[in-house]
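Quick one: this structure, given as structure tokens, is what I'll be asking you about.
Here the chain labels run A, B, C and D in written order, and each chain numbers its own residues starting at 1.
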Amino acid sequence: MRNYLDFEAPIKELNEQIQKLKDSAVKTGVNVENAVQELEKALIAKTEDLYKNMDPWQRVQLSRHPDRPYALEYIEAMTEGTWIELHGDRTVKDDKAMIGGFGLLNGESVMFIGQQKGANTKMRQYRNFGMANPEGYRKALRLMRLAEKFNKPIVTLIDTPGAFPGLEAEERGQGEAIARNLFEMMRLKVPVICIIIGEGASGGALGIGIGDRVLMMENTWYSVISPESCSSILWRSWDYKVTAASALKLTAEDMKWNGLIDGIIREPLGGAHANHEQAISILKDVIQSTIADLRKNSNDELVKQRIEKFCAMGKYVEA
Amino acid sequence: MRNYLDFEAPIKELNEQIQKLKDSAVKTGVNVENAVQELEKALIAKTEDLYKNMDPWQRVQLSRHPDRPYALEYIEAMTEGTWIELHGDRTVKDDKAMIGGFGLLNGESVMFIGQQKGANTKMRQYRNFGMANPEGYRKALRLMRLAEKFNKPIVTLIDTPGAFPGLEAEERGQGEAIARNLFEMMRLKVPVICIIIGEGASGGALGIGIGDRVLMMENTWYSVISPESCSSILWRSWDYKVTAASALKLTAEDMKWNGLIDGIIREPLGGAHANHEQAISILKDVIQSTIADLRKNSNDELVKQRIEKFCAMGKYVEA
Amino acid sequence: MSWFKRMKKGITTQNQEKKEIPEGLWYQCPECKHVMTSDQHAENDWLCEKCDYHEKITSLNYFSILFDENQFSEVAAHLISGDPLEFTDTKAYKDRIKTTINKSGLKDALRVGFGNIEGEKAVVACMDFGFIGGSMGSVVGEKFARGVDKAIEENCPFICISKSGGARMMEAGFSLMQMAKTSAKLTQLADHQLPYVSFLTDPTTGGVTASFAMLGDINIAEPKALIGFAGPRVVKETIGKDLPEGFQSSEFVLEHGFLDYIVNRKELKQKLALSLKQMKAKS
Amino acid sequence: MSWFKRMKKGITTQNQEKKEIPEGLWYQCPECKHVMTSDQHAENDWLCEKCDYHEKITSLNYFSILFDENQFSEVAAHLISGDPLEFTDTKAYKDRIKTTINKSGLKDALRVGFGNIEGEKAVVACMDFGFIGGSMGSVVGEKFARGVDKAIEENCPFICISKSGGARMMEAGFSLMQMAKTSAKLTQLADHQLPYVSFLTDPTTGGVTASFAMLGDINIAEPKALIGFAGPRVVKETIGKDLPEGFQSSEFVLEHGFLDYIVNRKELKQKLALSLKQMKAKS
């Protein structure tokens, strides 16, 4: 069963009507083809309309849609059985919220790293809701260095409500782990592509988010804080999340407009959750062409440009 | 009060006689100068004799002599108030059995690293008897890389009954931590000097023991296993430690003879424990002249020669 | 006892020039309740003379402690905050900035000075908690960047004194990217083999901890400072029970391997100068 | 039931050529007690067909699994142990070596092969536990070194299959320095951007764990292998209580972050070949 968000109600309704019509046709033998076609046309129009006028808070909700593909699904599908997951930070633990390993993308080896959410209650806990501990960031860095050693491009798939704010995470230096990644990712001498595929929350996202190209899928968000927490801190109430979502300028459009990301990846009509296969295929194409594009530069040039890009971010007044 | 080992009994006796004579002179006013001089001559002769005919097991005992200077004492004295201890592995913990930090040796900055034993019961526990955990080896490596960044020579002072064989040590990868140090120390692009100042037990010692010059102080031992454990494993009894000590060829003389270390540092008459000041002064001179010597090579040459040196170790038959 | 409170406020947010405090006012230590004159307190580097409690102080206070004869020139002093997102919560960000500048006498949450420490050149960046909780926005990032550039230009070490609640939410994505920007600048400093000392003071949390504050060649801290990524309240909510004694204190963070040493403010200058000397690269 | 015992001993220490086992003999799984013919067992890559128990096998067994058509040439096959220290415990080391060579048919505890794995060149070094507990002395170190040289010469990956009780005590200091030597050789391999896969099998402990076995670009292991630095008996004595269930098993070591994956022997060749392909450097 597909899940629908509240504002997806019109889509749900049309989908159900189509299904009902088809069911009745099976029973009665009446030809409903024309009626179905009409409804499907209406569905497309409705979906287009809905997605054109999406507000930031709705984007946030879509980014968390339970039917959305998670990192592993993208990676496994794109690499067609050639992905081998690699484990461990070589110090303390294997973090299940952070996955990584090489896979072949049309024959070319790529290091994929990503935050992984779980698809059901049990897996959500196993994956700690996609909230990595320090060992997750350290595993990611280890794997990035491995990729660098063999001159393989790195692709990170970002999807996290934040770095885990637990007791042991603090003990093992969550801050240090993220900081170290920012520093070391800046000077990785291979192409690095970072893609927000769901939630891009703050330092937890940025910890695997330093790349030559930082891209956001259409229905994702990326900011320094979630709208809910922002509301609670700035408005001292949980009721301003919609306002906060707008104020934070956290959508792909806004982030691109502000020059804080390099591009937007279009999703299938109705969102990635509506058509996994197409979302995967789009992502694969983008990754391949982006790698090809980046490979036109030497690795040293990439590092230099990467550093310069991030150094140029910020708006201030020379008073 | 000075401590004496069993076989140091003749020295103890002579020392006590001298003291008695001096005490009585104070009481009686009799001139004992000549008698004292005679006894002191005898003491020197006896000590020389004793130390000339030391067997390997006695060397092992000397290496553990409770009056022997430990790493911190050497470092603090050699650097004359310019040593700053640096802490932490940047991942899990600060290991008290492994110390490290920069100090100035006649104005020149040197990174000192060493295993530290405690001088009394409480400190022995605090220092875990000089047995480092994985975080100790990782702290050491972090500090070595820091020294490398600023092109400072590294001096390690080895004094350990072994890497700690505890449960958490295994959980956090004692084997990996030592292995990583062997690998990374091989290619540190600065002069590295490793000095056994007490016990050099197995991987726990080697974990900070990869250097351009590996030196042993006269009354120390360095081998793959302690004589006691060797006895227990090979003879299946704890009674063969003296035999094992001989069989293992673990003294400075034997290790030098076999080409497994680069040199021996003479100790003051009666051992380092008998004259800390002189032991410290000798060590300081050796370190300074060795650094000066190594600096005649480029750092790249040092790395190449270091790797070649260790690669040449081993004796086998081309049958 | 309202004069105690006033006094304390003066020290923590407005006391930029110790001379400005009228004589005869008093300071009460919040730890041990010991009372001393504010002059005595300032003379004592704003430590309690009885229990060594380290009062929060300003960037100018730190500069007066560190720079020889309190001589320094400011780097990028003129930068002030824009309002890149036209952000409004209960108040417009633009107005908040204006009010804060007027009230605090500060231009933003970071001040960068260039001068000598025991006769050796150094760039010191220092955060001011009095400016929106020492939060990091574009101005903090850019001043940090120019401080690093100055250190590279002068071929001298770079020191950053952190004191921050984290990111500045009103700059959202821009604020987040200052973590990346400051880290990027530190790679450039490293390429020049110049030492970077991170000095963490009470409190250092959030995005500052997760970027430049943890990236020192050596990380050092004042005693008993709060240092963490997530704030203690959030951690407590996450684990659903009370936090252990001393959690996220400097001493705790040292024990867990993230600090090189803790230094009393009275010994700061001397020890820092020695550390800098020790790390000066040998060519 | 003495023939079961004989059989098992044959498998673990003498079974270098599976064809040498007379037909009609039986293998009983020590885990689940399932009985199968030794031919079936060998056909099944020496796994229990019921519970997948991975029996200890020899270097030649592993080569038969890994190398295409079991074709390989040996590297430094002729090296045998000297007696650098003229070591004698309850027996002279020289005699121990001679007896072991005669009894095991092995020359020392490491065999190095060069051949193809799924059509790609590779050097595989593999330890034999049957030779003084797979202990590392000068011959193991030198063969490892020549294996690395061969990989560099052939510009191909290097794989080491570990199975060892640790250092060879009878070579004392020489044995210890093989940890340094093998690690040094791996820096040379790394300089050539050639992949090194460490494959840990039951048991891998002591000096081997604390050197080359933990230094893989990827570390992989067979299921349920014992992997540790200190042996479980020593750890138990140190902590003075029982060890937790599964302590130092492959699964435990994976969970603690030191293994990249655990692989069933049946999937070893295919998965290893894919990993090697993934790491082949792009120039």
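Rule of thumb we're sticking to: a contact is a pair of C-beta atoms (placed from the backbone, for glycine too) under 8 Å apart; a residue touches a chain by one contact, two chains touch by 3 or more.
Source: prediction; values computed, not measured.
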{"item": "Chain whose average C-alpha position is farthest from chain A's own", "value": "B"}
{"item": "Which of B-C and A-C has more C-beta pairs touching across its chains", "value": "A-C"}
{"item": "Chain centre separation (chain B, chain C; CA means) in Å", "value": "42"}
{"item": "Chain centre separation (chain C, chain D; CA means) in Å", "value": "54"}
{"item": "Whole-Å gap separating chain A and chain C, where each centre is the average of the chain's CA atoms", "value": "34"}
{"item": "Computed distance of Cα centres, chain B from chain A, in Å", "value": "54"}
{"item": "Multi-chain contact sites of chain B, meaning residues that touch two or more partners", "value": "90-92, 172-173, 176, 180"}
{"item": "Residue list for chain D, restricted to those that touch at least two other chains", "value": "256-258"}
{"item": "Graph class of chain-chain contacts, one of line, ring, star, complete, other", "value": "other"}
{"item": "Interchain pairs in contact, sorted by label", "value": "A-B, A-C, A-D, B-C, B-D"}
{"item": "Of chain A, residues touching chain D in the complex", "value": "82, 84-94, 101-104, 109, 135, 139, 146, 149-152"}
{"item": "Contact footprint of chain B on chain A as seen in their complex", "value": "90-92, 134, 138, 172-173, 176, 180"}
{"item": "For the chain D and chain B complex, residues of the former touching the latter", "value": "78-82, 84-85, 87-90, 107, 138-139, 141-142, 145, 167, 169-181, 183-188, 206-207, 209-215, 228-230, 234-235, 238-239, 243-244, 247-248, 256-258"}
{"item": "Chain A - residues contacting chain C, complex", "value": "163-167, 169-176, 178-180, 182-183, 186-187, 202-203, 206-207, 209-210, 222-225, 230, 233-235, 240, 244, 247-250, 254-255, 258, 260, 306-307, 310-311, 313-319"}
{"item": "Complex interface listing, chain C residues touching chain B", "value": "190, 193, 195, 217-218, 254-261, 271, 274-275, 277-283"}
